[in-house]
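These notes are about the structure you will find just below.
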Amino acid sequence: GCTGGSKEEKNTSGSGNTVSISFSGAFALYPLVQTWVTEYNKIHPEIRFDVQAGGAGKGLTDCLAGAVDVGMFSRELTDAENEKGVWSLSVCKDAVLPTMNVKNPLYNEVQARGVKKEEFKAIFVDNSIKTWQQLLGKGAGADNINVYTRADAAGAADSWAAFFGKKQENLKGIGVNADPGVADAVRKDLKGIGYNNTLFVFDQKTGNKLPGIDVVPIDVNGNGKIDADENFYGNLSTFLQAVNDGKFPSPPARNLYFLTKGKTQKKELLDFFKWVLTDGQKFVHVAGYVPLSETTLTEQVQKL
Amino acid sequence: MSTQIETLLKSNLTTTVVHNNIPVVEIDKVNVYSKGHHILKNVSTIIPKNKITVLLGPSGCGKTTLLKCLNRLTDLYPDLKVSGSIRIDGDNIFDAHKDITAIRQKMGLLLQRPYPLPMSIYDNIAYGLKLKGIRNKKIISAKVEKHLKEVALWDEVKDRLKTSAQRLSIGQQQRLCLARGLAVEPEIILADEPSSALDPISSRVIEEEFIKLKSGYTIILVTHILRQAKRLADNVIFMYYGEIIESGPAQQVFENPQSEILKEYLRVGH
Amino acid sequence: MMTFRRKYEERFFRALSFLFTAIIVFVLVQIIWTVVKKGFPSLSWQMITQEPKGGFYFGKDGGILNAIAGSFYLAVCSTILAFVISLPVALFMNIYLIRYQRLLIGIRFFLDVLWGVPSIVYGAFGFTLLMYLGYKNSLGAGIITVAAMITPIMIRAMDEVLKTIPIGLQEASYALGSTKTETAYKVFFREALPGFATAILLAFGRGIGDAASVLFTAGYTDHIPHGFSEPTATLPLAIFFQLSSPIEEVQNRAYAAAVILTVIVLVLSVSARLIKMKK
Amino acid sequence: MLLSRKLTDNISSKWMVTCLTFCLLLPLAIGTGLVFKSTPLLSEHRLSELVFSKDWFPSDNRFGFWSFIVSSVWVTVLSLIISIPLCLLSAIYLTQYAPKWFLKFMRPVIDILAGIPSVVYGVWGLLIVVPLVGDKIAPFFGKESLGYSLLAGAIVLAVMSIPYILNMLLEVFRQMPVELGEASLALGATKWETIKHSFLRKGSTGIISAFGLGFSKALGETIAVLMVVGNVVQIPKSMFDSGYTLPGLIANNYGEMMSIPSYDSALMFGALLLFVIIVIINVIFRYIIYKSEAL
Amino acid sequence: MSTQIETLLKSNLTTTVVHNNIPVVEIDKVNVYSKGHHILKNVSTIIPKNKITVLLGPSGCGKTTLLKCLNRLTDLYPDLKVSGSIRIDGDNIFDAHKDITAIRQKMGLLLQRPYPLPMSIYDNIAYGLKLKGIRNKKIISAKVEKHLKEVALWDEVKDRLKTSAQRLSIGQQQRLCLARGLAVEPEIILADEPSSALDPISSRVIEEEFIKLKSGYTIILVTHILRQAKRLADNVIFMYYGEIIESGPAQQVFENPQSEILKEYLRVGH
């Protein structure tokens, strides 16, 4: 559906002007979109991209306000949001991971045992598990579990809350600003626990875990220990594979989206979207995200 | 207008200015209050043209306030309430729509406490000249020199004309402000103790300057030095606690004082 | 003779004030030091001469010239705009309205309220207005928002300076037959000039350092803006985004950007004071 | 009088009035805008419930701002308790006791600090202040704290507002006429007595307004505070507890305002609350200034 | 110490103070420079105890600067460079470690330009009393009244003691500052033209006050009014362009002036 785009194209190609496309939104998508626009500029130098991070919500607001062309979004849209007439395009996946300090004296126990979904809920939402003893039983010390959460409205927080069917506002704990904030807080606090976007747990270049923090493995089947097929946190690619295979629950794995205010008529933008879903997907993995499955991809391409 | 003056003269017993003088300033029932304090009490008088009128009176009697009224500087003080009328060449300066700047330019007030403007000595005088529209650098330089010489300040400052005027001694500041005030060539000069901080020699220079100016200007002079008053005055106004007690030609007032207080004043001041 | 108490009161407060100054200096120097220590190693010529290239946000080539230029345009234009509004207002209050003390109290109250409005509210307000008028995020919108934010800062700082000028000076100027305008611009302006320099620098500093108001209005871009209608990058946002990166090199570049910002402010501050001294 | 002078005077005074009118209309416009934007919320909830309830569950349509108000006031007041004596005494030291070069050296330093973005202060707070409060100050008072606390926020705020308050105070003291100092010293007053009785009095309005402005600045500061204050929706019981300030609430959630019904209205109401607090504080400060001027 | 004075007396030809006076202030080779401008040139003299020493000289000759040196108020002006020594009761006040406050309290300087402190009329005087450690409200009230009466200001201000002192007329301000200065009861009074803004009657009151004070205090008085100088002076110092030209007992200086300039000064000022 490229009707109406032809006129604009004439305008731009005729005068040799550049077209500008602006993005705003999720921190989670920011690095990947940066990669995409640089790659895309190599074949379409006439397009000028302006990319701004600020959190998923800001992307939505800006896009609905017409302040930017595209919103970057990192959680599921709510009904209220859908009603406002947003058009969304899912472009890739990533995941949110619970984290802890590597130097935690109970580190080995936690790694072997894992934590069940209900237990996470008791820690993050109900606040009924307050100490490590309550979590791990008699042997552990009576120290508090220090819970850290995102202060800024974030896709990460919402996806983590969605794991328990809740919202960000239901998450307890000290609110810290932005992903690196939570990661640093946990890194500094032996008794801390938090959650982060994938790229703040694994080093995108080496694929290894970043120093100081580690994942709290999720006991998916709830048998009280981490089985071999639950242990896919070794490095980035095994983890991404697990997300891809659906072994890691979703949420907290999630789709990442592009939003526009109603379906866009701008031809250049539609072209870019198409490229993202086709050739662009090969950069997704490199940048530390999970590409969409073939079926989803074709579904999305059809939406254009 | 002349009939108006006539009635004014009759209505005010203390105003006994010699009739052949043309009045330029007519002050009529001026009252100034400040929060219940009555500073000027029903002051009426007439200032004749091309004469020196000396304003005498003990400290705090309202001399400065009267001069400030003439220039409408009372506007600056929110708590002063002024009533009455002051006519200059027939125009009431309290009329709300009067162009006060033009009036002020006509009436040069030399303030009792000298305030050099925050500029160099040279610019302090050039400032007034520029206000008059003089732009030519040479003319300005010449005039600056002329006016500084008039007040006997030239020799002391000629090699530091470009330094800040606020560093001068008080007496130097007073002379500078005098020169600055004269440079704008107002028609009426209101001089509030212009030589209070000066030594006798400088004072004399200033006095001679005033006498020279008399022919072209109308001068109102406040002074505490009785000898100076006697040397300069054509007319004298004596104020006491906000009222005009006596006024008239100098000779008459000095030689034939009516009130006890003025007699005492003249006796001690001698 | 001086009593014992008076003598020791003097000594005590002198020592105390020294101590407090020392604390302030210590904290201030420590902040600057923290920034410089973290940012200096990442500082390079490339950072201030190039726009971000592909991969810059993953620790590869490029610089933040876009943000430097953007911040510079934004701060300079909004400071000028604010000055053009502030100077007349401050002078008007202290010359024309000197007689109306009650009115002045009211005006100062309004200005203080304006001063206190958080920049985030300015940002939100600016954004709403922008939406209403149908404009996109742009340099022009940023300039207007920031100017609105720093104007009250400038006016109040100027007002504080002008208020202390003795009334005698005003009398002296009027007595010469100056108009109010002449009194304002030739006498008061001169007397207050050193204080004004401080006011302008203060406002400029706030303008160049504030993120919350431009976050909603100026947008962000990897390019240097070529007009008021284009979005612009700013240093605070560049710092903010880079700090949010998972990659440590990029985070360190945020500090380097802060060092650059520091240097810009330092240069301006010192040169403004030098000019003032020459006068 | 020359026509051109008259004309200049005329034009310039018109321009002055225009600018002033503009400046006076702006707060009115902001105030009305905020009221207008928060009417949807106000029509659904009682005002007293919004202000005094501490339940904050936007998805359940429960908006209680009390914890935010309390935290904001705590942080602001604490920061002023720290910064007022620091700034006042050091302004005195710098202008009255210190050698000239020291003041000259301090001015650019202060300017720099006014120009450093608040994010950087926030990072500094995370690196230095949070551990300081958690590991040193709280244990000293026999309390347990993770460091993300009202006190940490207050310290960061105090440091941030130093350049503003100090600069204004320096200006107030610099403008003090030399004659005033002469008059008091000549009576045999010590320097401190001269400062205490004459300078502080003469500069009282300037000093009070500097603090008033400092208060506003502290109350409205957003990013740096939210980085260290913990952002927990609760009524803090001591300065070592975490809190959540109003500007933090707006900044953190401004982006989300499209997603929950009434949320945008609630955030605007938060901004309105801030605005109202600032108005009230300014009324108080203006009143004090008015009293001290009325001598 | 006395030998030191002896040599000083001999070394300085112009210093011919009568020997039976005990000196309290010894000024020795004081020089003041301001950016190349030589304000005080090698000034040396001795001020005797319990006498009135009158400092005469044309405006701008350095009188105020000399008084400010005595009180070390020159410290307030960064561009003034001061050298030489000033001994008060044998103590050199330029010694870096001297407690300057104590010295200033001993030497009350009445400034040429009166500067009321930013407080009420009452508090302006109470301020000095409180500095002396007087806390009792009744005593303070009584002293305020006494000192205001001494300078003949009481009647004018008694019903507005609590209003701001900066609203007074200049002459009233001058009297207030005088009262304030006397209230601290300094041992040495440095009065810089204390009656320059006063009418003859108020001036006389002040003069009589000085004569009364003489027995207990040492007074240095700057004045431009020659008659006042003659009425008050025990000793006279005449300055010209930063130098001391003549000095000595009043009678000798007035009746037998040596220099041309002083002769002229006395002739004109008469």
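By letter and in written order, the chains are A, B, C, D and E; residue numbering begins at 1 in each of them.
By definition in this document, a residue touches a chain if its C-beta (ideal position, glycine included) is under 8 Å from a C-beta of that chain, and two chains touch if they have at least 3 such contacts.
In UniProt terms, the chains line up like this: B, E = Phosphate transport system ATP-binding protein; C = Phosphate transport system permease protein PstA; D = Phosphate transport system permease protein.
The shown structure was predicted, so the numbers you read here are calculated from the model rather than taken from an experiment.
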| item | value |
| --- | --- |
| Path length in steps (a step moves to a chain that is touched) from chain A to chain B | 2 |
| Chain separated most widely from chain B, comparing mean CA positions | A |
| Inter-chain pair with the most contacting C-beta pairs | C-D |
| Cα-superposition angle relating the copies chain E and chain B, to nearest 5° | 180 |
| Distance from the mean Cα position of chain E to that of chain A, given in whole angstrom | 82 |
| Averaged-CA centre spacing for the pair chain C and chain A, given as whole angstrom | 36 |
| Separation of mean Cα positions, chain E and chain D [Å, integer] | 49 |
| Between chain B and chain E, centroid-to-centroid distance (C-alpha), Å | 30 |
| Residues of chain D whose C-beta touches two or more other chains | 1, 5-6, 9, 177, 190-191, 193, 223, 251, 254 |
| Multi-partner residues of chain C (at least 2 other chains) | 2, 6-7, 10, 166, 177, 179-180, 182, 243 |
| Touching two or more other chains - residue numbers and ranges from chain A | 54, 58 |
| Touching residues on chain C, where the partner in the complex is chain B | 98-101, 166-180, 182, 186-187, 190-191 |
| Partner chain E, residues of chain D touching it in the complex | 100, 177-191, 193, 197-198, 201-202, 295 |
| Contact footprint of chain E on chain B as seen in their complex | 34-35, 37, 56-60, 64-65, 112-113, 156, 160, 163, 167-172, 174-175, 193, 196-204, 224-226, 264-265, 268-269 |
| Complex interface listing, chain A residues touching chain D | 54-61, 64, 78, 80-81, 84, 146, 151-153, 167, 169-170, 172-177, 181, 184-185, 188-189 |
| Of all residues in chain D, those that touch chain C in their complex | 1, 5-6, 8-9, 12-13, 15-17, 19-20, 22-24, 26-27, 30, 33-34, 37, 85-87, 89-90, 92-94, 97-98, 104, 106-121, 123-124, 127-128, 159, 162-164, 166-168, 170-172, 174-177, 190-193, 205-206, 209-210, 212-213, 215-217, 219-223, 247, 250-251, 254, 268, 271, 274-275, 278-279, 281-283, 285-286, 289-290 |
